[in-house]
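So, here come the structures, one by one.
Shared between the two complexes below is chain A, which has chain B as its partner in the first and chain C in the second.
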Partner chain A sequence: MTEVRIAGVGVTEFGNAPERTGRDLFGDASDDAFADAGVSRSDVESLRYGNFMGELAERQGHQGPLMAEAAGVRAPATRYESACASSSAALRSAVRDVRNGEEDVVLVGGAERMTNLGTAGATEALAIAADELWEVRQGVTFPGAYALMAQAYFDEYGGDRDDLAHVAVKNHEHAIGNELAHYQDPISVDDVLEAPPVSEPLGLYDSCPISDGASALVLVSEAYAEANDVDAPVAVTGSGQGGDDMALQDREYLARTPATNSAAKEAYEDAGIGPGDVDFVEVHDCFTIAEVLALESMGFYETGEGIGAARRGETTAEGDLPVNLSGGLKAKGHPVGATGTAQVAEITKLLRGDHVNSDAVADGTVGLAHNAGGTVASCLVHVVEEVVA
Partner chain B sequence: MSADPTGARDEGFDDFVDAVAEGEGYYLECDSGHGSVPPRRVCPDCGGSDLTETPLPDAGELRTYTVTHVATPSFSEDTPYVTAIASFGPVRITGQLREADPEELERGMPVELTTARSATTDRRLLAFDPR
Partner chain C sequence: MTEVRIAGVGVTEFGNAPERTGRDLFGDASDDAFADAGVSRSDVESLRYGNFMGELAERQGHQGPLMAEAAGVRAPATRYESACASSSAALRSAVRDVRNGEEDVVLVGGAERMTNLGTAGATEALAIAADELWEVRQGVTFPGAYALMAQAYFDEYGGDRDDLAHVAVKNHEHAIGNELAHYQDPISVDDVLEAPPVSEPLGLYDSCPISDGASALVLVSEAYAEANDVDAPVAVTGSGQGGDDMALQDREYLARTPATNSAAKEAYEDAGIGPGDVDFVEVHDCFTIAEVLALESMGFYETGEGIGAARRGETTAEGDLPVNLSGGLKAKGHPVGATGTAQVAEITKLLRGDHVNSDAVADGTVGLAHNAGGTVASCLVHVVEEVVA
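Here is the complex of A and B:
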């Protein structure tokens, strides 16, 4: 089985760009990815593209071929939709086809426009990732669904808003100096606790912002990299996907995310590693509680123990397991279709040494990317490793 | 006005809400005694395809809850409102807790299932009353 190398990465600034089209954003991200890769566009055999709310935000479906054009690629193109995990679903398909020898060069990425919808419109668009009949009609929003999980966690295992605030403070701290991040300013625990409530117990600073942005990766087979003298020192060595009941109410445990357990287990086995081998992680912290649930499900903490991790300093840049050195969704931003491949782009730069926080993981060789859809009814985990020459 | 913005009527779900409105809520029970809510072709636990409508217990128990302040446009005039998940025997149902002081909410609180209407759209929704 051939190894899948990341030849180049490109990510736009995440933030407010309501005047820019999706094709413009993805064009920028793929330009940067090709420049970084030193791979010819004409060698690309397919585009796998993640996007969630294009019909609502842009009145644009069939975005695969549109985005191939935007990227300057003449190749078959398919859009993948798996809510906020869309571009990781695209990545998984590409990893599998490169490994099985179907293709040698694939462009993978995603983009999302959100800010043009406004807060109410974006809230409505995000809510379609929940079950329309059993959840949305009862008034469940996306923050509301995670709030239901957070309250269940507090009641089941303990912990409080103050613990969650430390997650937000940590991730904002990590984003300082990350010029692509939506927020690059520090916040305090009091800022988080005193912010307006969105869906209690979650407030505005427990929530990721509504962002526009795009990301792209140029993946190549090991053989292609060698034959074409492409410098590609980072590889995707493991891929896993898990699923769960669509509606929260149908799950046995309201404060656990078994789809993450399944995805992580498969990704670890695929890469031949365990959680103890992981040096740092990018997790899907759309809300502060989501980071806690992810760390527990990926085997870094026992159930009920993860909520104090940020407060104890274990997941900060200086901690034993730095989590979300990019700033995470919380501070980097969450243009949903772009998020999964942006996580992998950040990990690639952290491993190569060209990320603002690379020094925090100078000896690290193994990163993990965790990307979830809905209330983790979909989950993808990828293992990203520095290739030992 | 149809509850569904597309005008569709989901037989499994809408029949269930009609039944709740009549005070005759039910769940689906398979031969092995697993419970689920409609629409289902098979039991999600064991795959059994013989599903029987079984009366829901009158008393439910609050499992988790949230007070939502930032709503979609469909609930903009309902805020703040309480959304909750309550268990009724072997199944759990999501609804709005309409007549409760948010300060007094707690897990385990007894509730009963009913229907209510959105103040914003007048669309029907599943609701809980404290019991």
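Here is the complex of A and C:
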């Protein structure tokens, strides 16, 4: 097995760009990734592309070949769809194929055009990540589903809206100076608590925004990097995937996410590390409660203990385990198909020292990316390490 | 590398089942595959699932975990979408991961619910496999696109509607007795020539039907098969993928399919064979002309020579290279997401001797599955061999 190196990363600004097509967005992200990588497009052996709602937002399926064209790559292309974890599913397959010698150079990424649907339209489109027959048709959309999970957490383990507000405040704080983030302004706990309710106990500032955007990674084998003198100090060293029942009603616990547990366990084993070796984490905080559940399920906190992490300052840039130094989905934005590979791009920049928050992890070498689909019916976790000092 | 064995196959009847959901269909196909395999569901390490138009036909995305539930499998699940080649994209990833030792038991398959949309609705939904901005919006749907390809072929290399009619007649002939096929009745050349025109020069009987259906394969490593005494005499020994420009207008030739050429070349090399070693083929005959283009691009005929193959009897059950012994998409049906793995299931049964047309390939050991997306902007080819006598 060869090491899977990240030769280059590209991420567009996340935000409102309703007039830009998915191919416009992904073309920009891949341009940036190739410029960063210094790798020739003609060496690319495949594109793995993540997208969730192109059929509804652009009436466009079969985006693989379309996005290969947008990226200027003449190579076989496949689209992966795993709801909000789509580009991480694409990444997993690329990582395995590179490390097993199937391919040496792979373009991986994703994009999502969302704001052209409007907030209500995008919320309805996002809902197809839940069970249409048993959830959506009964009126459950994702704010409602995560509100059920938050309420169940409060009931079972304690904690309150104030605890969750600290998650939002922290992630907005981290996004200050991240020029690609959807929101770059600080907010206060009072702002969160006084924001309009979306679905009790979650309010507007407990929720990530609807964003347009794209991200791309150029992955190369260690052998290719060495033979071609490609500067690629960061590697994907572990991959894990977990699954759960699609609908919340079928699960034993509303306030636990076993798919994350499985994905993290596999990723740790794959990389030969444990949670204690991780220096910082990007987690899937589509709603504030989701960050709490993720940290617990990945072994950073005991069940019921994660809710106070942000309030206690443990997951801030100054804390022991900085979480979502990019701003997270909450402040950086969540263009669904782009999110997974954008997390890995942020971690790469944090490790390389060219991120606004790199100082917070100056001594760190191990980052973790956690990307979930639906109410964590799907989960992908990747370990990203600096392997060349 | 270990050999990738096909332990079991399951295919539903292809046809009109508008009231059945995708999960109903895939549940049935996977039940059959597990029964055929004699492999425990609890050993399955992942589901790779192909589906194309679930967002439009059922307003359901994120089908991975949903279909894992339908199949009774608690394992990570990913949906692959490559238009009409979706389940072959899923298969390729599974084959690579099994042979590289990442996983030992994988469920692969796909399903499509289509007839609930009606013929016009399904045609519109299928159109999202073309370029929305530069093809669909100009009024091009797939019958029109393939008609352009057929007309270009006639202009460039000769041949006529009568030649294509023999492709349809042959594939209908092959479907007689295949109780899973959408159409099991013979048709005549006159039936084809006198059928209502769909898009000149293609008529109704040059076109595959709109069908509902599902298919599933249980893949296991050779080591697993031996350790668990699983009877799995057939293996996937080669995989290839090719890509091309999405829109016809961007291509150099309308009557050639270079994505098939690339996919076949890679699959042959991967399996260590050449076209001369292939005993029979299942090809993606969504329209009659597509079968001709596929046979030429895979090296069975020189460019311009494939058009007469069916008329000359070379590709019939009695011919040197039987093509589409299942009936093909044309007569067996084409529930899009199910098609790729259904081709492999048919080849498996043909090789094992439990197919209605097995006698036609009694001495054969090598089958080829060709599955295309859009106007062959995507193509997947797999080599399927009998490896245990």
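Basically, the second predicted complex is superposed on the first by the 387 of 389 C-alpha atoms of A that agree within 3 Å, B and C clash if a C-alpha of one lies under 4 Å from a C-alpha of the other, contacts with A are read in each partner's own complex, and residues count from 1 in each chain.
The rule we apply is simple: a residue touches a chain if its C-beta (ideal position, glycine included) is under 8 Å from a C-beta of that chain, and two chains touch if they have at least 3 such contacts.
Values in this document were obtained by computation on a predicted structure and should not be read as measured data.
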item	value
Contacts of A:D245 with chain B and chain C, given as first, second, both or neither	both
Comparing the two partners chain B and chain C, which touches a greater set of residues in chain A	C
Partner chain(s) touched by A:E102 [first = chain B, second = chain C, both, neither]	second
Which of chain B and chain C A:L133 touches, first, second, both or neither	both
Contacts of A:G121 with chain B and chain C, given as first, second, both or neither	first
Partner chain in contact with A:L254 - chain B first, chain C second, else both or neither	first
Which superposed partner A:S378 touches (first chain B, second chain C, both, neither)	second
Chain A positions touched by chain B in one structure and by chain C in the second	132-133, 136, 245, 250
Complex interface listing, chain B residues touching chain A	3-4, 10, 13, 36-37, 44, 63-76, 78, 81, 83-85, 91-96, 102, 107, 118, 123, 125-126
Residue numbers on chain C that touch chain A, as the complex places them	21, 46, 52-53, 55-56, 58-66, 68-69, 74-83, 89, 92-93, 96-97, 100, 102, 128-133, 136, 241-246, 250, 259, 262-263, 373-374, 377-378
Residue ranges of chain A touching chain B (in the complex, touch as defined)	119-121, 123-124, 127, 132-141, 143-144, 147-152, 155, 196-202, 245, 247-250, 254
